[in-house]
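You will see two complexes here that share chain A, one where it goes with chain B and one where it goes with chain C.
The block that comes next holds the complex of A and B.
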């Protein structure tokens, strides 16, 4: 095996290694909304185990929030991934930004779902991963 | 071959261990926390009142209820929410008389003179296409729509009697600025609602009414009388609209914002071994807010003596800390703040000690919080003729984090026998 090949394999392995760590350390949440019949109906649920938007009739919307705080010494890059059926209906107000360390206030990301008139009356589910990638060079 | 398998296995082990180790290290060192907030904002469907005329009065329904998933959760009971009116921004053509495209909620800001203003920034990048039925030379204008908020009322359903939601009549200001320069603060004129499984109130049917204003000098003679009939406190001259706004599209965004949430803990009769006595019919629930400025909630119980008083007591964790700021210390101190006779203090395991600074190891802070007076034993919690108890409490406690709290229902006479106890400890934060 040539030296170049070995170096490439090591680099690829390192990339996989780093990606695996980021996936493991990402905050992972389930999202759910239950579309119900009727007009102007909003059934609420504010438990914190998942991003539950409750029961919503068509044309209604709801927002839930994830708060972030960096209590370490390193700036952290925040990246939010959403996937699944519900993700198409969910808008995120902040994504791909740097979270500075030791800010007194928490940074909030809002997840807003809007139920279109064409939605079926059933449960829609999706998932959100919030990656927190350390910008190691900011420690110096 | 064996050597290769061994090397491969070791490599996998090292990589997996490395990933796990580095993950833990990164999670520890980076220290960025992410958590879901127990808050929710709901924007209602467009309530289109259509073309209206001055001094018309129209109504549309709005239902706020506990969701199916919340109803299925046994450990939570109720939510408190507000209905807030916010300015609306949108694209208009034909001098503001036609609304096209998407709308957005405006942000209320305060200028350096303490005057509130509405910001619709940032403007959406792409204006909508002018519909074919309108002149194509029209240029969509982005901005705040004339406000409808002050003309919208919120009428609650008054269920369960006598009602646990507040009302907001038309002709009110949706917000105001308080404070002095430079510490101005925006205060919203919110409407408050409450939903609770224990209280049998799982849905609120609101009526959203619109009282249409008049324009310029073209108000009917009975305008003032009409405004006063809807909201006696309103000053009618404040609610006429300039003639320039006639025929324009007005708007207001209604936001339902849910904040407080409460947790439910079962109450049961227990034997000397602290095991639940099943099937004795003595049982209940306590629902309480996880966070707030006071310890607030509801006790519902059955199987008690009829028409009898019961003492409701919280105790700190047995064997828990007794130092300053501990749950035991906070409870004992709060009881001491309320009085120094029977309200509470420290329970040594054999006798109460009232209002002593600091406890000893093994003691529990305790607080009998439903006494009518701390110099007597009479209580506010009284059962009905069937032995059922329903009692709403709102107890001032010292600020701090309370964990491992016991909840007891006791007889109100010596030896103050406990008849019902929590099945799991209570945890809450007093701000």
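The block that comes next holds the complex of A and C.
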């Protein structure tokens, strides 16, 4: 095997390794909403383990928040991925932004779901991954 | 024949096929589906869950008004661009449409404003997920008409 191929394989392996670390380190949440019959129904399931929008009727909505704080010395790039059936109904207020280090206040990302009149009365689920990518050059 | 010449001919053929596909496919679809607008990208969620933002749908010309039925998903021209909604009522001079995810019906549409009907797969419109995002991104810069 030539030296060039070896170098390319090493670079590819490093890239895969870094990507794997980012995926493992990402904060992962399950999203769920239970669409029910009726009007203006909003039942709350309080939990910090997942983004549970509770019971909602059609034409109703709810918001949940994820708090972020950067206590390190390096700026962090925040990237939010949502997927699954529920992701089509959820709006995220901010995405693809840099979280500066050592800020006193927490930064909140809001996830808002709006149930359209065409939704079926059943559970809709999805997943959210919040990636925190360190911007290593900002340490200087 | 020299290797270089063979390579060049190969590349020319490849590019000719590619250009032919890019230019010819919409024209072929227009001819087959009998409409100048055979494809549409969905840019909003007004027809959720039947059609989702970023979907690509195919549009077939309707010919006469007799071909439109209640429940059909049609595309029509309005001041905002193109709208793709479901027919809920047929009248003498106009028809009424409504997005599945909307609460209220749209303003009446004249039959002459109807561009076509979404090609179906079974009971619902045939859609290719995500492919419409390409067109949405391109049209953002070109400021062309989108489908709502």
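Keep this in mind: the second predicted complex is superposed on the first by the 140 of 140 C-alpha atoms of A that agree within 3 Å, B and C clash if a C-alpha of one lies under 4 Å from a C-alpha of the other, contacts with A are read in each partner's own complex, and residues count from 1 in each chain.
Everything below uses one rule, namely that a residue touches a chain if its C-beta (ideal position, glycine included) is under 8 Å from a C-beta of that chain, and two chains touch if they have at least 3 such contacts.
These numbers come from a predicted model, not from an experiment.
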Touched partner set for A:2, first chain B, second chain C, both or neither: neither
Which superposed partner A:59 touches (first chain B, second chain C, both, neither): both
Chain B versus chain C as contact partner of A:24, first or second or both or neither: first
Which superposed partner A:88 touches (first chain B, second chain C, both, neither): second
Partner chain in contact with A:116 - chain B first, chain C second, else both or neither: second
Superposed model, chain A: greater residue contact from chain B or chain C: B
Common interface residues of chain A - those touching chain B in one complex and chain C in the other: 59
Chain C partner contacts - residues on chain A that touch it in the complex: 59, 88-89, 116-119
Contact set on chain A toward chain B in their complex: 13, 17, 20-21, 24-25, 27, 29, 32, 34, 38-72, 74, 76, 99, 108, 130, 132, 134
Residue ranges of chain B touching chain A (in the complex, touch as defined): 15, 18-20, 22-23, 26-27, 29-47, 60-70, 73, 76, 79, 81, 195, 256, 258-259, 261
Chain A contact footprint on chain C (complex, rising order): 45, 48-50, 52-53, 100-103
